[in-house]
Amino acid sequence: MCSVVGIYGNENASKLCFYSLFSMQHRGQEAAGISSSDGKHIKTLKNRGLVTQIFKEEHFKILKGDMAIGHTRYSTAGNDSILDAQPVFARYGLGEISIVHNGNLVNAKEIRNELTKKGAIFQTNMDTENIIHLIAKDYTKNTLKERIIDAVKKIKGAFSLIILSRSKMFAIRDPFGFRPLSLGKLKSGGYIVASETCAFDLVGAEFIRDIKPGEMVIFEHNKIKSEMIFEPNLKQCIFEYIYFARPDSQVFGKNVYHMRKEMGKELAKELPVNADMVVPVPDSGVAAALGYSQQSGIPFEMAIMRNHYVGRTFIEPTQEIRDLKVKMKLSPIKYKIKGKKLVVIDDSIVRGTTSRRIVRMLREAGAKEVHMRIASPATIDPCYYGVDTPTKEELIASKMSIEKICEYIEADSLAYLSINGIIKAIKDKKENYCFACFDGNYPIL
Amino acid sequence: MCSVVGIYGNENASKLCFYSLFSMQHRGQEAAGISSSDGKHIKTLKNRGLVTQIFKEEHFKILKGDMAIGHTRYSTAGNDSILDAQPVFARYGLGEISIVHNGNLVNAKEIRNELTKKGAIFQTNMDTENIIHLIAKDYTKNTLKERIIDAVKKIKGAFSLIILSRSKMFAIRDPFGFRPLSLGKLKSGGYIVASETCAFDLVGAEFIRDIKPGEMVIFEHNKIKSEMIFEPNLKQCIFEYIYFARPDSQVFGKNVYHMRKEMGKELAKELPVNADMVVPVPDSGVAAALGYSQQSGIPFEMAIMRNHYVGRTFIEPTQEIRDLKVKMKLSPIKYKIKGKKLVVIDDSIVRGTTSRRIVRMLREAGAKEVHMRIASPATIDPCYYGVDTPTKEELIASKMSIEKICEYIEADSLAYLSINGIIKAIKDKKENYCFACFDGNYPIL
Amino acid sequence: MCSVVGIYGNENASKLCFYSLFSMQHRGQEAAGISSSDGKHIKTLKNRGLVTQIFKEEHFKILKGDMAIGHTRYSTAGNDSILDAQPVFARYGLGEISIVHNGNLVNAKEIRNELTKKGAIFQTNMDTENIIHLIAKDYTKNTLKERIIDAVKKIKGAFSLIILSRSKMFAIRDPFGFRPLSLGKLKSGGYIVASETCAFDLVGAEFIRDIKPGEMVIFEHNKIKSEMIFEPNLKQCIFEYIYFARPDSQVFGKNVYHMRKEMGKELAKELPVNADMVVPVPDSGVAAALGYSQQSGIPFEMAIMRNHYVGRTFIEPTQEIRDLKVKMKLSPIKYKIKGKKLVVIDDSIVRGTTSRRIVRMLREAGAKEVHMRIASPATIDPCYYGVDTPTKEELIASKMSIEKICEYIEADSLAYLSINGIIKAIKDKKENYCFACFDGNYPIL
Amino acid sequence: MCSVVGIYGNENASKLCFYSLFSMQHRGQEAAGISSSDGKHIKTLKNRGLVTQIFKEEHFKILKGDMAIGHTRYSTAGNDSILDAQPVFARYGLGEISIVHNGNLVNAKEIRNELTKKGAIFQTNMDTENIIHLIAKDYTKNTLKERIIDAVKKIKGAFSLIILSRSKMFAIRDPFGFRPLSLGKLKSGGYIVASETCAFDLVGAEFIRDIKPGEMVIFEHNKIKSEMIFEPNLKQCIFEYIYFARPDSQVFGKNVYHMRKEMGKELAKELPVNADMVVPVPDSGVAAALGYSQQSGIPFEMAIMRNHYVGRTFIEPTQEIRDLKVKMKLSPIKYKIKGKKLVVIDDSIVRGTTSRRIVRMLREAGAKEVHMRIASPATIDPCYYGVDTPTKEELIASKMSIEKICEYIEADSLAYLSINGIIKAIKDKKENYCFACFDGNYPIL
């Protein structure tokens, strides 16, 4: 995950970045940052935490200028977590540069090894640092634009990049289009580029179009220019529809909530079950459960409640409180559940522990049968393109058959939506999407 | 609002109070506290904030003993907000006492004036202090039980009380039964009394029965005894069903989620509308919207999303971001809304400003028509029994006709459920409930 | 300890209270509070912590009016530490009242028992609550002034009180004058009453005179009136000179720094020692050490440094760091100490553990001899008049002979100043002071 | 300023770093950090704030291994303050490296420009990053030791460096020996290198010797080896004696407290004044004032008190409180000062504003005459070797004659110690020290 945003040509550039990042907070809660340029210098502020915790009104006096880029970070693994936040800023041969990156490079290690052999130093664990190095060391080229093109041709993997120099902004999407990146026009002037269109709605921007796979959009002299720098080879991440993106966003040209409902409908067609009610795991399974209910005719009930006061508590549970963690977050409505056959809908199963706790909780609440239906195929392979999935060993579906998983999570039945079902739901060509986490067919390694 | 809990006869009494308060946090977020007794002394810890912010593991070593009471407070108006948290503890003629109170007394001022004339001092703004004074000054009676009975016979209004002495616990509900109070048996030993049964589910307790209106339950010598101290005159607060209580709680013998759905069904019968979809204002309107949809056959869509990262931000919005506050909290799914006729369901309208912002937001998202349907009658009168409603002047429905409100909130149509509709939904006698906020018929003043 | 302040007749009353409390922070770091009156209502804000942590600029908009009282609290023992802060505010028969109190009552328990028998409730552990009760229950008298006089005639012990009503302020000092209380005139208008004159210097006030033992000063109609309500029987706390008060304050008519130096001189006369240098324990022993040096001719050296970055650290020391706590706070200058005979001066020894650590540290630094000289007699009895001394069992001098203490603290010699030495130093009559902690002669019990 | 520490061969390496940094906190309060190596990987934790605020017990489980280096940072100017903390860690061609640096390079900009031309990127504003780049890019050499030697031969200026690789530690001091760096033996095993010996006293280490100017000490295979890599050209920073170092430290072979006293004595010889008492500005002027008093025979008085509760307050002063900031920190003892002629001793004057406030405060307290004596020459030039002096424009002595400064600070007389006086005080050769801030003779530019 992670989200990126760029604002060009608006006097409130850094503040609009802030609001955009707030709306994309679901794509990364560990760290966030903003760089802005006033034409002379780039200023950067980044830190760990949520965007509302990091930024104060006074920061926007420092983050001045009419161009800014921002980032929210999903996880910060590695040696020095303070440094591992974006944007990554550097001074280099052509001046100053700052980069935000959503995605993951598959040849980062090779590039890193090659560069360190030539004397480069790496201060962070982020792929983004590679890209700056490639740009900085390309001294046969005299313009940043040329250098960026050279650099992105050397990197492989998933990248939705926004690059800020002191006077320009560049937005680039890899030829596979793994991660989304959309272009909009701000009602208050200038342009916005963001991972998800939900940012456009909050800051008041009109959607223009997606940045094309392989395209570089250049923001300069108050204009935008486009250049195709790669032959597109569409492999959009299907997990954006299943889990990542916000329901109100348009991703890869389609509405996410609608896609999830359609997947729920396909799930009902493929995997019917005789039940009294369809119950979503909130909030992840709500849209698919609605689709399942509409298709199957089985009534939809919000019979599991999500607690909004879940915060961190350090009070040890007394012995008698079993499965406390899930119970503090989710509460079953016993009155509705007691004696009933439930189809429980969720978007995915990763390790299986949460599903198991939910099933137990529903049985304690008196459910007669619990049929788990998952609105995506079994996740058997890790993602190398920017999704922070666990290792293969941790993915329950890579170690167990569906029957065994069903037993493990203590459900009466368990079934997953097929890849084919997804294709039908999204009404698009299979080859346009990456299903590697489900079938191990990695477009690039 | 406010919530109360009492645990009797369990070695983890204060910790079980903590978890119970956590599950009833929706009834009061301003302050919280716990008193416990180890038979020799009562210890109290209370503070402003959420229960997870106030209590740390080490506090439970101080809050020892197998009896404890707790409270979450909705609002702390008044002179000294630090003092205005509960439990209210005091040393008095018979030893030590601590009280938690959900409700509001209508004769608090009279009692206060009378008592101060006789030399009493009042250090807080809470009605609870009156009750302790009445108990302390009743020196013709030699037992706490007798004094409590004398005291509660002097107070008028709404009171669900739990009283802790060094060796006993008392639970009392006023004769009208305005506020809920339920009795349960802990699987790990002992008893629990709590405002809502959702506390029972988290801490592992079986529901026994509601404390009856006018009843006092005494917890002593590891037993419970019951005594009716008032003639019951049932006037249960209808707003518990409409807004306060958690959907998974059983309140006044009925499930709250189920009641809300039934009200939604009645709303659909009373106030049909020709629309493309039923959309709840999340989360308050969800259950009623499901009922409306099931009754009317109009599809239910979660077309307004609730943002879970809403925290406090002190960043001033740029001029172009209109209605920022509601937009940071709620996001419409434009794809679904565009060109559609919507029935928007909410539980109530207080000042009208939020409804107005929601309607505007839906229009900006392209809604063709916005029909607002409210799953309760228009709130025209303030509550004197513990609900923190605004003054009559602030209640939009006390100043404007429904037509005017509709105009103000910029909806295409607006309608409220009738009192009769509520009666049908709850399938109970009208006289058992207090509808004063809707019709001005106050059971006691 | 504890400090009190009252401001009358200044539009910045509460803010001047804040600065006064800041300057008297050394008299109590646990909690602080301010009450102010605008003629109509008294507002109170109090909390745990330092005054700079508790008060924010916005609070002074709430704490309005031209009269205010404040308090810093030394320790908050007891049941409910949140409540145990001052001022203590109450509504009572004559309106509103708020009190701050420095001192300790010896008959608090008797009064409390008597009052609870008559139906009073006590919500805190503070003696101050007794005083409010006595005032409130005195309904044969119709004016606050009369009631205050009645009340203070019932209490016994140490009390420097400031009482705020909605339109008046009263300052009262017990007949013994145990605790200081001074009156000043603010250059910006109005009057100030404070425990120490150092407050006058910070806020810009001229010292007028001390409030007399047994006197009540009434601030009303922009004037001050005085009334003697007790026959004075002077027993001023000698520990104010030895330890409590700030060196720059004038206490009981004398300068504290000067008194300490004089005591140091007497110490040198009484207890000479053959040494290379006089070394104070910073900061408590500095003034006495200067006096000792000037009298004895032995050079004064600041050979123990105080570390200003001592904050709370929760890092466990590694095994090899002995006596870490004292070493993080105090550092010996080895270069000066090595091979030298030291006279180390401190103001008092309580438990002996710190002295022991200091002696050890000096030996590790190479001191040839360490002679400890204490600028006060051995503390053998607890104080009942407001000093938070440990119990008799904890006072090392109540359990051990001076020889044994010397052995325990591992010094080469140890000697204490005599009571007679103190008398000579302060050049005043012995009978005007309370020496109970040194000789057990309690003026009142 | 800034401080550095390195621990080698002790299982509690990172914790001993923590305590060392605590004792050197006076050399930098803005940021701090520690890197440790367990032989396989280097871990780093750094942040803004005081060391006691940054480090928690759990961090030492991450910062494992028996080698560690640490840093406290004085100020963090620049673009991205989060990054501008040390140690600076990087992965490079030979593995992993982490560096701490006390001092300032005069050719940092040239190196930076040259390196960026060759493709290097700079992510911080710290000179330390240059050094890592030089090491990383020196690919003709195969060992870190050789590369370090090459690198430090390219840099010019002040550097006391400690470099950590996965299995070795290096300590290097520039040929001028501008900044101190001492070597000690830990009683609990292994070695310590630190800016000041006060660290040795806290963690339990014996002073061995200073790292020599131009020396590199290599810690490897549990041994230390020394190599001279530069011809020494001693120019030790005289300001370490005047202001920076802690009085209990041995710096450049001499005790700091003793040096300050000696300077005070020279000040008395050079600049006698007819006065009643010698008063230090606490704590900076204490040692010099003691020397002045001992030399002149004028009594020493601690007639200005330092307030230990100075914390940050955001309360705006009322109009009548003049010079609030200095008054909250320093309090004159009026009783001692009134009508007296004072010699006030401080270590230096930078902008003059604080001195002016102190003089005013003393006059308000009744001083008859205020003679300011400064225990160092007038500071007229900025430092380029690691002292964070203001620019030349801000230094009052670079703009005004001593007479004018005296007038500005409103003193009766003002005099500074001469460079010659310092030489006499330290009893050392002038050419061994850098006096550039006093005479503009920069040893290297």
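Miscellaneous remarks
Going in written order, the chains are labelled A, B, C and D, and every chain counts its residues from 1.
Please note the rule applied: a contact is a pair of C-beta atoms (placed from the backbone, for glycine too) under 8 Å apart; a residue touches a chain by one contact, two chains touch by 3 or more.
Please read these numbers as outputs of a predicted model, since none were measured by experiment.
Of all chains, the one whose CA centroid is most distant from that of chain A is C. Between chain B and chain D the centroid-to-centroid distance comes to 60 Å (mean Cα coordinates, whole Å). One simple way to say how far apart two chains are is to compare their mean CA positions; for chain A and chain D this gives 47 Å. Within chain D, no positions touching two or more other chains are listed.
Taken pairwise by the contact criterion, the protein chains form one closed cycle in which every chain touches exactly two others.
Here the touching chains pair up as A-B, A-D, B-C, C-D. Chain C contributes residues 41-47, 79-80, 82-83, 88-93, 112, 116-123, 132-133, 136-139 to its touches with chain B in the complex.
Per the touch definition, chain A reaches chain B in the complex via residues 12, 15-16, 18-19, 22-23, 25-26, 29, 50, 52-53, 55-57, 60, 186-188, 198, 201-204, 246-248, 250, 255, 257-258, 283, 286-287, 290, 294, 299-303, 305, 307-309, 311-322, 327-328, 331-336, 365.
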